[in-house]
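Dropping the structure in here first, questions after.
Letters A, B, C, D, E and F mark the chains as written, and numbering starts fresh at 1 in each.
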Amino acid sequence: MALSARNHLKGEITEVVLGTVTALITVKVGDNIVESVITKHSAEEMKLKKGDKVTAVIKATEVMVQKD
Amino acid sequence: MALSARNHLKGEITEVVLGTVTALITVKVGDNIVESVITKHSAEEMKLKKGDKVTAVIKATEVMVQKD
Amino acid sequence: MALSARNHLKGEITEVVLGTVTALITVKVGDNIVESVITKHSAEEMKLKKGDKVTAVIKATEVMVQKD
Amino acid sequence: MALSARNHLKGEITEVVLGTVTALITVKVGDNIVESVITKHSAEEMKLKKGDKVTAVIKATEVMVQKD
Amino acid sequence: MALSARNHLKGEITEVVLGTVTALITVKVGDNIVESVITKHSAEEMKLKKGDKVTAVIKATEVMVQKD
Amino acid sequence: MALSARNHLKGEITEVVLGTVTALITVKVGDNIVESVITKHSAEEMKLKKGDKVTAVIKATEVMVQKD
C-alpha cells in the first residue's frame, strides 16, 4: 500500500494528551521531537500510547523551509 | 523571535526543483529525507540551493500518525 | 497498518495532469469528484493513471463545513 | 459566489462534539463518513446540529492519494 | 451561505500567474499582500484576473502565530 | 532569518482561549480579525496574552480565493 504523502519519519511515542476533540501525540524521531495534533477518535481507535513505534506522516505541501 | 509551529527539523538541502508557480525543496534531516513544496517566489527570494543549511518547519496540526 | 487521517474515500482516477513540481489527480468517489494536488514525484512513483482504484485520504483538520 | 476550493461533498451531519476550542463535525456523504475539525466558534455561530444538510469543503492541496 | 473557515480577508487581485497544475494569486488586503496557491482549474473557472475584488479565505487551523 | 511562508500579517492579540490540547488566538490585523488554532503548548511557551504584538503567518498553499 502506497500513500502519496512524501514524508515518513519513524519514531516512538513519548507522550499522549487527550482533549475532548483532539489529541496531542509527541514522537521522538532520531534527535528530533515531532508533535502531532490528531482527533481523539484516532488516538483511541489506534490505541496510541507511550512507547509505541509509529511513523509521523506529512504531506509535502505542508512543509515550510527556514534559512537562518 | 518565536513561531508557534511546533516542529523544526534541521537539515541540508539536497535538491531544488523550480516549477512555474511552486518549487520542490528536498532536505536531508538526520537519516530522513523531507520534501517541501513552497512557492517559486520563496525559493528564489531565499536563494535556496543545494548544500544550504535549513530548517524544515511544520505545524503540528499537519502531522499524521501511522502505526504499523 | 493504520493512519490517523479520518477520511478515506474510495474511488477511481479519471485524470492525471503532470506539472513540473506538482500533479493534479482527479478521482471519482461515488457521485462526487475529488481533486488532489500531490507532488509529481509521488504520481510517478505510484504510477498513477486513469482507471486506477485509489483512496482519497484527508486529515480531519483540513475539512471545512458549509451550510446553505 | 465561488470559492477556489475544488472539493464540495454534500451530506448530512450525524454528530457534533464540542470541545473548548475545537469541534468535531461528522457528516454522512453518500456511503462515506467525513469528519471535520473546526473551531467551536464556527460550530456555534453556524448552529450546526445533527440532521443539518451541509457541504464538506476541502482544498485540493490537502487531499492525498493512496493506492492499495 | 456560511462557511466554517474563520478568516475572510477582502482585497483586490494584483497578479495571477498560471502554471500547469497550480496558479499563484496575489491579493492586496489593506496594507498587506496575501499570496494564494490554488489549482489552475479554479483560477480559470473563476476567471480570476488583476483588479478582481476577492476574499482570501483561510481555515483557523492553518494560521500560525509569531512573536518578535 | 527567513521563512518560506509567504503571508505575514502584523497585529495585536485580542483574545486567548486555552483548551486541553489546542488554543484559539484572535489577532486584530488592520480592520480584520484573524483567528488561529495552535497547540496549547505553543501558547504557553510563547506566553501569548491579550495586547501582545504578533504576526499571523500563513503558508500560501493554505489560502483560498472567493469571488462574490
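The rule is short, and it goes like this: a contact is a pair of C-beta atoms (placed from the backbone, for glycine too) under 8 Å apart; a residue touches a chain by one contact, two chains touch by 3 or more.
All values derive from a computational prediction rather than experimental measurement.
Between the contact lists of chain C and chain E, the overlap consists of B, D. Over half of the residue-numbered contact pairs of B-E are shared by just one pair in B-F, D-E or C-E, which is C-E. The distance from the centre of chain E to the centre of chain F, with each centre set as the mean of the Cα atoms, comes to 17 Å.
Note on chain placement: the centre of chain A and the centre of chain C lie 21 Å apart, centres being C-alpha means.
Chain C and chain F have Cα centroids lying 29 Å from one another.
With centres defined as mean CA coordinates, chain C is found 22 Å away from chain B. Residue positions 1-6, 19-20, 22, 24-25, 35-39, 41-42, 46, 57, 59-62, 64-68 of chain F each touch two or more of the other chains.
Interfaces, counted as pairs of touching chains, are A-B, A-C, A-D, A-F, B-C, B-E, B-F, C-D, C-E, D-E, D-F, E-F. Put simply, chain C touches chain E in their complex at residues 17-20, 22-24, 35, 37, 61-62, 64-68.
Those residues of chain B that touch chain A in the shared complex are 5-9, 24-25, 27, 29-38, 42, 46, 48, 52-68. Contact residues on chain C toward chain A in their complex (touch as defined above): 1-6, 25, 36-39, 41-43, 45-46, 57, 59-61. Those residues of chain F that touch chain A in the shared complex are 1-5, 19-22, 39, 41, 59, 61.
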